[in-house]
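The chains carry the letters A, B, C and D, assigned in the order they are written, with residues numbered from 1 in each.
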Amino acid sequence: MPANILGERFSITSFGESHGKCIGTIVDGCPAGLKLDESDIQPLLNLRRPGQSVITTQRKETDQVSILSGVFRGYTTGAPICLIIWNTDSDSRSYDEIKNTPRPGHSDYPAYLKYGGFADYRGSGRFSGRLTATLVMGGAVALKILSKYLNIEIISYTQAIGNIICNTDNISFDELSRKRYSNDVRCPDHEIAIKMKEDILVARKAGDSLGGIIECTTKGIPPGLGEPIFESIESELSKGLFSIPAVKGVEFGSGFIGSSLKGSQNNDIFYIEKSSGKILTLTNNSGGILGGITNGMPLKIRIAFKPAASISMSQKTVNIEKGVETDLHVKGRHDPCVVPRAPPVVDSIVGIVLLDHCIKCNLIPPVLKELHSN
Amino acid sequence: MPANILGERFSITSFGESHGKCIGTIVDGCPAGLKLDESDIQPLLNLRRPGQSVITTQRKETDQVSILSGVFRGYTTGAPICLIIWNTDSDSRSYDEIKNTPRPGHSDYPAYLKYGGFADYRGSGRFSGRLTATLVMGGAVALKILSKYLNIEIISYTQAIGNIICNTDNISFDELSRKRYSNDVRCPDHEIAIKMKEDILVARKAGDSLGGIIECTTKGIPPGLGEPIFESIESELSKGLFSIPAVKGVEFGSGFIGSSLKGSQNNDIFYIEKSSGKILTLTNNSGGILGGITNGMPLKIRIAFKPAASISMSQKTVNIEKGVETDLHVKGRHDPCVVPRAPPVVDSIVGIVLLDHCIKCNLIPPVLKELHSN
Amino acid sequence: MPANILGERFSITSFGESHGKCIGTIVDGCPAGLKLDESDIQPLLNLRRPGQSVITTQRKETDQVSILSGVFRGYTTGAPICLIIWNTDSDSRSYDEIKNTPRPGHSDYPAYLKYGGFADYRGSGRFSGRLTATLVMGGAVALKILSKYLNIEIISYTQAIGNIICNTDNISFDELSRKRYSNDVRCPDHEIAIKMKEDILVARKAGDSLGGIIECTTKGIPPGLGEPIFESIESELSKGLFSIPAVKGVEFGSGFIGSSLKGSQNNDIFYIEKSSGKILTLTNNSGGILGGITNGMPLKIRIAFKPAASISMSQKTVNIEKGVETDLHVKGRHDPCVVPRAPPVVDSIVGIVLLDHCIKCNLIPPVLKELHSN
Amino acid sequence: MPANILGERFSITSFGESHGKCIGTIVDGCPAGLKLDESDIQPLLNLRRPGQSVITTQRKETDQVSILSGVFRGYTTGAPICLIIWNTDSDSRSYDEIKNTPRPGHSDYPAYLKYGGFADYRGSGRFSGRLTATLVMGGAVALKILSKYLNIEIISYTQAIGNIICNTDNISFDELSRKRYSNDVRCPDHEIAIKMKEDILVARKAGDSLGGIIECTTKGIPPGLGEPIFESIESELSKGLFSIPAVKGVEFGSGFIGSSLKGSQNNDIFYIEKSSGKILTLTNNSGGILGGITNGMPLKIRIAFKPAASISMSQKTVNIEKGVETDLHVKGRHDPCVVPRAPPVVDSIVGIVLLDHCIKCNLIPPVLKELHSN
């Protein structure tokens, strides 16, 4: 399969570069009959786009999406949907220096070797975090279908920034959903959010950066998604999530902590919910996944983002043409912390992967019918 | 792509069930000209097979591999290689009970729903950890090619069992490689290994189980493997690693810990090694991967295994036919901790994924030539 | 995708060699709940196997299929189904000569170059027509599902042997179905069949061989299978059909003849069938496919088989080691004409491709329910 | 794999509709370092575009290609290349009528059923022959790489229009190459070309259409491309060629005629070319392919195009909303014969498929070096 694709039955193909003409996505496999226009996609893009607050990069991109194909008279046709954003504020001057002096923590050095010096290095080119907007464009389509036709909701939010951690164990899904976008850092706890923002501003002032952790949970996931072994839903989700630049760790349910527990502690006990007669588990250490298959409980995923590699402090590096060590002072406009812009990206990846598997399980018909309450 | 495949240019297709006639693997894409017989595969299988020590399950399987196709007069032909192990000690009597009473922590419940009651539930059937032997068969072929033709070595070892953690930061690759198989738990530190074994035996006696962490590192990985975004080498490796039953977390380099660091701490500084003139990094928080592409430093991966779901203690569950809650006492022969058997599996997954990408990067010729020192 | 696979949602992976230990197939994507044992597969294999009559090779292979995985208590489980045939009558003595003197019309020469001399050349190894049995094993499963759950019937038969052509235009589907296996050449017209057989026996006596044409038609194909452009149902079927060794041409509907007609002659006029109210076409020059999508009319495919390359007559060739021209007299047991053994193979390919697309169109549920009349 | 993709290592993804905003292609897998701008692609598009002569449709589309991504400072970067053509002359008025009255020979009817009435029916939408321009954009890139780095040339030309057939057996490759574009019908024989054009004009005047046959041959194809069975080079090429709307037959070498020959006639005898020492065959009935693998001889492919379904004559059809039979008089601007515009499309498909396999065989490095003589 070509390298720039995620998904099989519902898939996205990403193209474009940070400082090129545009960035874009081809959505393939979207069923015919979905009501779709740009307003279904723009809000999620807006939640990711730069320049939203003082803690994000000041690059001015409106990230206006245009639908170029696959929609006719307001409805999807079953043909591939091309979604595009024209780059408007690409200031490439500051990147000439990095051509031969790879920035620590960035893709510059391996990209130079891999592409023999031909890679577009401006603003990290193809490796830029800006490309996550191509994931969000496709994700918005997937999330609309999941929500409208299967009542599946996926929400991500900031659980940690640097050393500030938000305990989300006792916050309900609805509260998480309502509060996560109520502050700049996208954390469902307001007081913690204030501390997080302070720490980001401190790091920014120091020319430094911070990382953090995004947590993702869901509502309405049907049991049975995923396949044993190579298409375990963990395999599929992690493949997508590690596509996000800066992600260096993914865990499901009790994850790394769970590895230190005993089986009798970590196993989730089945019980029958009185009111509904449904079979549920008392705890959710499995993160909603047993044997690689969803079990009907909410997914619980934690995703570790490294601190942004772009910092303004002087760093040592190597001039690869001259073969000497040198000091590097990276200019340009950076995010001191990318985590607050990541929830729409994580939502998108999880949505695309889950929709792909819902289609494989026949849960989505080849032609969608308009529902009464839209 | 069909669900039971890992890899594109070098791939394995897994088949079989824990208590069926056999388990097997099709290796597709192995170049012609590789000297190969069963003795290239059996040693890695032996390191994974049950019944090796007092801390593994007592199921007696010799796991003898047979090559059924793709090898002619001692060399691979370029045709698919079918590798098979006949099951010999499958005692299925103890599994009748679980048909309708799903075991906590196991795939039983979602498998029942997904396959409408038709899944082979004996010994977890297709979901059994036994299926990791099919990964090892393919992995042994990949690891031989990587080692012999590219001098790439991949080693995994136990870094934690329950709460016992081995600090491996200051152990050299060669020492890790030499010591890891010198004890039953596969930990490169003998004293720590003794404590780990004790804890496993305690858990076993209690009818309980433990989890742990496998660490994987490498030698000789060329820079440039992986593709931006969806085929980042982290995406590819994590997809493979989450195929292993019981794996619930994967991190690269500084991983989750790195998310709490500052950029100035986490960025790895480039320098030029005096003796070789090579460009290296002072630290390896990236785990050998920048922008999803290998940078020539060793890979560093940590994989969290949950405690084995099979425990002998009584557990609550639900009888899904009768719709009532019930007590379950699982019989059968279990591993109190699967981690000690996991290193060959992790080596195999990492080897298969890396070889696939080496082939994509033209590092392996379509026909292999015999080397002088074999 | 690995090279030895056909299909995506329902797929087969072929392995084995003509004179190796076995030949086999992995069926992936078969829904759980299908009643399946060897007796569902053996009859179709018997119609393909060698030694059925005086006009086929005298190699004695009973081609007994064994199910090694994926079936539990008589029903498919959703796991991959491994089907295997052990080779029993492989006489490899006669093939030593061809190692360095490639047979005209065979794969020997390009296989030698492609695999650097490592290919298994015995009986054409991986390139042997014997491998079509691996397609038939998977095809039998597909055909059972199509017939039982969608009432789709696929039939192939011999339309031409050498210069003897059977006009099948006015023979009904039921008559074609009933008569095609009533004679050794698999032609639905008895008198034509007699002439065909005579010509094959004449060719055989002369140490020569004949080719021919297989026609395939169907009943019950639903409209809407296939995708525009790259997954046109013609693309998908032709990819599968050209996998059969000896096939050198494929046409749909009026095919090559149609290219000499005018649009007004070739267009199929739509009308409404009085009795059923169904929309049908008066003619079927499209072969049941418009725009790459099935239109509900029967498929009509013609497949050209070249004369078998194996002939006993002396032929000129080249000794590739010595670099000199030489005479070659191929011994061994050959089919003077492979066409009579091809109908089960064509049925199988068409069945696999159509089932794959029926699954993509949600026409087959993930779990099959047993039907009353089996 | 998503449906709108051709190729694996070098691939194209097609998007857009005949009367939508644009049509486009994503080229994935193009190695870094190829000198590329629009002038490498435009000439091949010009040979396909409408309005070139009196025998093509009078729709005025300049088909100007724009490169939107994947090229930096004149060279490919290894990132996906987005190529786009903005539609400028889409007159959709005449298509309202066909919404409910499917045109005979067109995709209208199955598209209506498949997409539940949501398909863009204007100018056949996604099924339009106009989409072949998306294949040509990708093909131009492939053909440049093949020609420049491997000296592979692929040429297609008109061999038949209706009943007028050009015998090309004794025309050399260079002459075919030189003469094929010297006339409007793209036939290498001038006198035959005049007759062909006359017949097209007669058909046009009658409101009718003609079909024909494109022949494709090559120079410089290396031996060893393709894989046994499912990735036979015939399988791969036919899959691509049947993606072209109107193609209903494909044959290689002696094809359908060959099926009536004897083995002793059809087998191609190997000999050693005195001047070069190369192993060649006296005849080329195999069309350069043995066992599904290229043997170093020129490819020879014949592709049957049905007469264009769009004719101006009155035709009977059915109103699918009202469920009654009706007369249809299709307006709009049509090609009376699409064959003269097909050679660049066939060249493109063959080029894309062959380059994909050359990459799989390591014949193209991951980074291209600029050659001296360009």
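Basically, contacts are C-beta pairs under 8 Å (C-beta built on N, C-alpha and C of every residue); 3 or more make two chains touch, one makes a residue touch a chain.
For clarity, every value in this text was computed on a predicted model and none was experimentally measured.
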Touching chain B and also chain C, the following chains: A, D
Pair joined by the larger number of C-beta contacts - A-D, B-D: A-D
Averaged-CA centre spacing for the pair chain D and chain B, given as whole angstrom: 46
Separation of mean Cα positions, chain B and chain A [Å, integer]: 27
Rounded Å distance between chain A and chain D, as computed from the means of their C-alpha atoms: 39
Chain D residues counted as touching two or more neighbouring chains: 1, 3-5, 8-9, 14, 79, 114, 126, 224, 228, 366
In the complex, chain C residues that touch chain B: 1-5, 7-9, 11, 13-17, 20-24, 26, 28-29, 32-33, 68-70, 72, 75-82, 114-116, 118-120, 122, 125-126, 366-367
Chain A to chain B touching residues, read off their complex: 1, 3-6, 8, 14, 102, 104-111, 113-114, 124, 126-127, 131, 160, 162-163, 203, 208-213, 223-224, 227-232, 234-236, 238-240, 242-243, 245, 247-256, 258-272, 277, 279, 281, 285-287, 290-296, 302, 304-311, 313, 315-318, 320, 323-325
Contacting residues of chain A [partner chain C, same complex]: 1, 8-9, 79, 224, 228, 360-362, 365-366
